[in-house]
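Below you'll find a set of structures to go through.
The following pair of complexes shares a single chain, chain A, combined with chain B in the former and chain C in the latter.
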Partner chain A sequence: MTAPRFVDLFAWEWRRTGRSPLLWSVFLIIASSFVWGAVNTAALHSAQEAAIERARQAERDWEASTRERARAYHAPISAGAGEVAYWQDPTDVAGYSEYFVRRWALKPHLALSPLASGVSDLAPTRLEIKLNTLFGFGDTYDFENPRGLALGRFDLAFAIVFLLPIGLLLLFALLVTFERDRGMLRLVAAQAVGPRSWTGARVLAILAWAIPVVLAAMTGALVLAGVPLAQATAPLLTALTATLLYMLFWTGIALVVLARQPGAGAALGSFAAIWAALTIGLPLAGSAVAGLLDPAPSAVAYVDVQRRVSDEVQAERDLILARAFAARPDLRRHSDRVGTLDYATRLSFLIPETERRLTPFKAPIEAHRERQEEIAGAAAYLLPTLGLEAAFATLAGTDPARQRAFESQARDFQLDLRRRVHPLVQREITRPAPALPRTMRGRLNLPEPLTLPAFVFQEPAQSDRLARVLPFAAWLGLLAGLAGTLGLSRMREWRVS
Partner chain B sequence: MILSLVRLELAILRRDRRAWWSLLALAALVLLSFGAIASQAHRANAEKQAVSAAERARWVGQGEKDPHSAAHYSIFAFKPSPALAPLDPGVEPFVGQSVWLEAHHQNDMLYRPQQNASLLQRIGFASPSALITGFGPLIIFLLAFTLVAQDRERGTMRLALGAAVHPRAIVMSKAVAVWSAAAGLLVVPVTLAALAWAVLGGALGADLFWRALVWTGIMASYLALLSAVGIALSLWLGNARLALTGLFGLWILFALALPRVASGTVEAARPLPSSQAVRQQLAEEAPTFWSDEQAARNRALLLRRHGVSRIEDIPNPRMAELDLMERHSHAVFDRVLGGFYAKVASQDRLFATLGFLSPTIAAQAASASAAGTDFSHHRDFIDVAERYRRDLVNRMNSDGMAHRAHGAERHTNDQSLWSQVPTFAYPPPALGNGSSSALPAYAALLAWLVAAAILLAIVSRRLRP
Partner chain C sequence: MSALRLEEVSISFNGGRAVDRLSLALEPGEVYALLGPNGAGKTTTLNMILGFLKPDSGRIHVDGIDAVADPLAARARTAYLPETVMLHPALTAVENLTYFALLAGRRIDPATARRLLGDAGLQEDAHQRRASGFSKGMRQKVGVAIALAKEARLLLLDEPTSGLDASAANDLSEVIRAASQRGLAILMATHDLFRVKDVAHRLGILRSGCLVDERDAATIGPIELEQLYLERLAA
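Up next, the complex of A and B:
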């Protein structure tokens, strides 16, 4: 008896598998979950884009209102309209600096953002920048129902990372073990075909159907979610490649389990255990270990420090100002004005000093955040589920690294605004206060509101994102190859008694 | 007889290493997650207490100043971690833990524990409740499959049914065995651990005890209905493969897909306005710094209210204007933020109602409500803190208005006034007072339990040797 050629075996299995209602039921569920996930995330991001646009409009309206009020306060004082208080007066440079300089730092979404929600449901896409907010912007977020956040979002990444392997493993467990459960494996074993060819052909047949269907469903879901494919070709191709490798990884795992030629119950039990270990058990243990080894600095303690430092700075206010005046040749002669400065002018000296004193407490918080991201990056190589989720977030532009870049640029933007405005505020110290009562409603030491730049997010290059994903994709390919080889190498003999 | 049958079924379960070890592994994970959350909560609560005391000392010792400046200085209030959060942290990791109660602002609660979580921390965050509701069905279905479907495949079920006087007793014993094994290992130890933790921390009171009891009841009911469904489906479906496929599919549907789908559906059906829109509306309707034109309107209103024609006839016009704007802002906050939070509650109510589609949804919503960690409990803290803020600011403004100050004149006060403001304290709502949005979840869980019992009864009645 001659053994059948593998190609013939595969062709026969491919035709037979393609007629399985189970196969198409699983594909239908997977494709539906892809569409739901992509559309669901696109809806979130679309709402965030709308909020970004409203913030832009609000910024334009605020600027126009500031200019209009500045023009109005050029009028002379009359019986019905007196002096405008400095905090209401955009023509007073000190009042302008504290109460009128407001800008939005905005982080738009990338074209492929429906691929993964990443941190986009937790981290803000808009940061209000004022001159004297400590470290650029306050702790802020866009409110999403916390129940939904705790549950996790049903996004495309969730469907691919968590549901796709279940679908694949279900197909492998039920379609490959059919003969074992029906007691027909002995008949198969009696033929001139080894377990490697027989199992390999069937697994390959399932894959031959699954790969094109899954990749097409993924692309279709993204199209339905409104992704302009032409603008996202390279990241999309990378995401498709990563998905393909992920499917091969789980196929390799399946081959290792199926090498023991179990029944459906045993196979599904093993698959469920491996799936649960990779998706919840090991991340839970990893997160617990990371938390134990490197506990997060306390936000509550930071509130305490902030209050203490703020009190100290207020208590030493005049001393700090006197030192600052003494260090500046242009202000040295005006040290008598230290006690008479208005609140906004004082802030231009006190806020940088507060930040200087808080930096030793703030820096460990940022350093911890970066370390945790590095740990997560390393863990991604041990946990392909985490790795793929992180890779998708990177390709979608919803990853923590892009968020950190955004926040860092927002802080730089604030410092740039301070460099433009604070010197004008402090220059007023050198000008003697007018001896005569004001005749105009506004102070007019800033006749026109400044034309300040708008924030523009400097998007990291697309090649950087791809470069961050490719090593993981290569690693995933290697793992898939190793698992597949291990599984096939164990399928030497039929295990029938 | 039933008891001896249950003991026999438990012995069979213990012999099946795959199913039994899976159950033990999940039980270990449940206790591990409890320990991790409990230790974090303990550390956080100790810090909150210490910083709250420091805040009080700062408030009382802030020195002599204008009362309105004192209202701006104010205090930070910290939300204590609910005592049963280690069983089910609910929304706690995703809501702020602290709020600054300053004049003019109803500030957002800040410092969400998961705000800057890495992907590993977010994926790796699991609670006893999440593990039991998410993976309990998988383990229970595996146990049920072990007891019934394989029994049928081997033909031993037919023998047992042929010899039994009441086939229902066999079926019941299998369901009770699965349920008692799951509840005994997944729910009871962690509840006892929570009570012991509360005793050690001196937090055990009647309310906490009842909450723990209700939580145990919810989880035990959930596991009971899953046991009944698992046994019934395993008996009802023709062969082991079909039973396994059905149970596996049911787990994916109930525990993995439907909760997230339901959450997305709720968001789509009852969308929340964006934070940007809410903040913009607050800034427009209750600005912290108002324009000179608004100030002119305020002066006119104050003159009318005081029945005078000159601003000099109002004892402290600056403070009167601040008070006017403050009280105006309260109405705006109640309308805008109150409406917003009502929409969040409405979303949660709809989510709980969708518990009729999946028992996992019902168990999740009911569990967080019993543990005191759902949004309605968080809202209670927001409201208590906001009432305290308003009382504090109104008291400061009233003191200012009672003292004359014009032009460069300033009225100040000192510790004698600051110490009249009581220390901020937050008593969490008693069981039943905080979670009306979760009521549909309790009803859904009960309906599932009854339906599962009926299903089991029907299937056992149809059993033939």
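Up next, the complex of A and C:
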């Protein structure tokens, strides 16, 4: 007489487990949560895409209206009409620079965006770019329910990272411990099977049902959320692989607990404690420790500094302009004009100076944010729950790195616009257009509005996103293997005496 | 070769000896009843034979296999019937038997399963019923079928008649006798003095882990057995 073949045990367990109402109830809940999460995020992103489209249209409309208005300012003026303020005149290059140059920096969503909301409910997908906004753009937020923001959005990533382990652990706790709680384990143990083969076959049978169902549910949820699979094949396959490894990771954890051959109550208690520690306790503790060791610079203090610096710059306005003129050979001879410059022209000097003065105060905020991102990157390897969330956000294109790239490109875009427009504004100091007889409505030192480029987000290559996720996926696989090996190695003997 | 041989087996829990230098041997076809009150060490002895507990000292061989060194191989040659047989409630009697036979390394077809259940005394109309509605006696019969399906060399019975009505207990005695005639060595731990007298060939009285007396069952009557049992426990 020999021990049973593992494949026979597995086949039996697979058939029997497949008849469990508990199994299918858990699958139904998981699949429903996946669909809800994906559709929920897709709705948010759809609204944002609509807002992006509205912004594109608004930009086109503004451009057309500026051109139409400029044409109107070429018209002869009627007798006795008052003087037109320069800020109303798109043919006045100074007025045009400050009041008519408006562009939108837009960050469209990727095809797989319903996978994870990431930072998309907090960070803006569209930024209005004006020449003289400090550091590129002002803080822009869509109106969101603050309670919803505090709780976090229920997205597919949340369902996978937080709810899927609950479902899996529930199945393991109730289906693998059934014999002990029914008082059958002694009879099982008295046969010719060891605990490793028996538990392994049961766990593998649960997984053999769970893996295809979960991956199919995930894919189905994304399809229902409108993801075009053909356009998202590589990131989707990566996300499915990461989900599979995540399931194996929790299976490894489960095997470590089940190696003690506990009853359902003890198993559930242990699983709940581990789940709570990995998903809530340790991230909160880590965040608290990181906050203590490296506190964030005060945003309120920065606002205060910003106001103080703006006031200083205004107070020193003429001195700053005089220095700027003295520093430039082309302007040096026109220092007498410092006091007569209009507001928009002054800004072309004062805004860069304000930014220069604010940089030492803004830099620590940026540096802190970068450090926090580095810590988050390291924490992803310590806490797979955080890591998988981050990986999903990366694959979905809702990650902080993509947002930072977007904001950085928006700032570069503003600087490019300044390089194109400010020289024209400042040329009026050295080579002012001749004053026209007061027969025309506009100043006409910029007869046609400039043809300025539109912002085009330079999307990081898809391979970069995948490359950022793959090391974590490999790490997850390693953790799963280690935990599983540890669990199985501890299942040497039955604990039924 | 003995079906079971225990040599000077001892085990302690929390400083107290649960089994103390226990030695006994069972030949094929022999039925040995290990008598004793609760806490005498009967179930502990069965646990050691099954490899669930490791003895502090001594040796245990099942069909020539060292049960301490290779408990899995020893269990493959040992059938076991617990005091209360619990089954998968959602499975039928045939499915339960098929499952436990599989765990024992045997693949049996439904016809064989029905024959074994019949041999164990389970009524035919219960074969395809779910075990959730089975009485203790019916579950015990499925347990017997599980033991028989294993085709082991040694059968361990832990209080097999406990909680059974007279008819079910009598059926079980018949099964034990039949198994013995087929050459199965049977060690039963019990305190049912009168029932064992009918089926056992030898009787051992265990007190505080020590085998204090051993008799040939044929040489002692039921009254004498009770008297001897009480004397040995009182000593």
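Definition applied: the second predicted complex is superposed on the first by the 485 of 497 C-alpha atoms of A that agree within 3 Å, B and C clash if a C-alpha of one lies under 4 Å from a C-alpha of the other, contacts with A are read in each partner's own complex, and residues count from 1 in each chain.
Just so we're on the same page, a residue touches a chain if its C-beta (ideal position, glycine included) is under 8 Å from a C-beta of that chain, and two chains touch if they have at least 3 such contacts.
Treat the numbers as computed from the prediction; the structure is a model and nothing was measured.
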Would you check which partner chain A:A189 touches, where first means chain B only, second means chain C only, and both and neither mean what they say?
-> second
With both structures superposed, pick whichever of chain B and chain C touches the larger number of chain A residues.
-> B
Using the touch definition from the top, say if A:V93 reaches chain B (first), chain C (second), both or neither.
-> neither
Across the complex, what residues on chain A touch chain B?
-> 22, 33, 36, 40, 43, 47-48, 50-51, 54-55, 58, 69, 73, 81, 84-85, 87-89, 99, 118, 122-123, 126, 138-154, 158, 162-163, 166, 170, 174, 178, 181, 264-266, 268-270, 272-273, 276, 279-281, 283-288, 290-291, 298-301, 303-304, 307, 311, 369, 372-373, 375-376, 379-380, 383, 385-386, 389-390, 393, 400, 441
Residue set of chain B touching chain A in the complex reads 18-19, 22, 25, 29, 32-33, 36, 40, 43-44, 47-48, 50-51, 54-55, 58, 76, 78, 89-91, 93-95, 97-98, 108, 110-121, 123-126, 131, 134-135, 138, 142, 145, 149-150, 240-241, 244-245, 248, 252, 256-257, 259-261, 263-264, 266-268, 271-272, 274-278, 280, 289-292, 295-296, 340, 344, 347-348, 351, 364, 368, 374-375, 378
For chain A, which residues count as touching chain C in their complex?
-> 1-4, 8-9, 12, 16, 19, 182-184, 186-194, 198, 493-494, 496-497
Can you name the residues of chain C that touch chain A in the complex?
-> 44, 47, 50-53, 71-72, 75-80, 82, 84-91, 99-100, 102-107, 143, 146, 150-152, 156
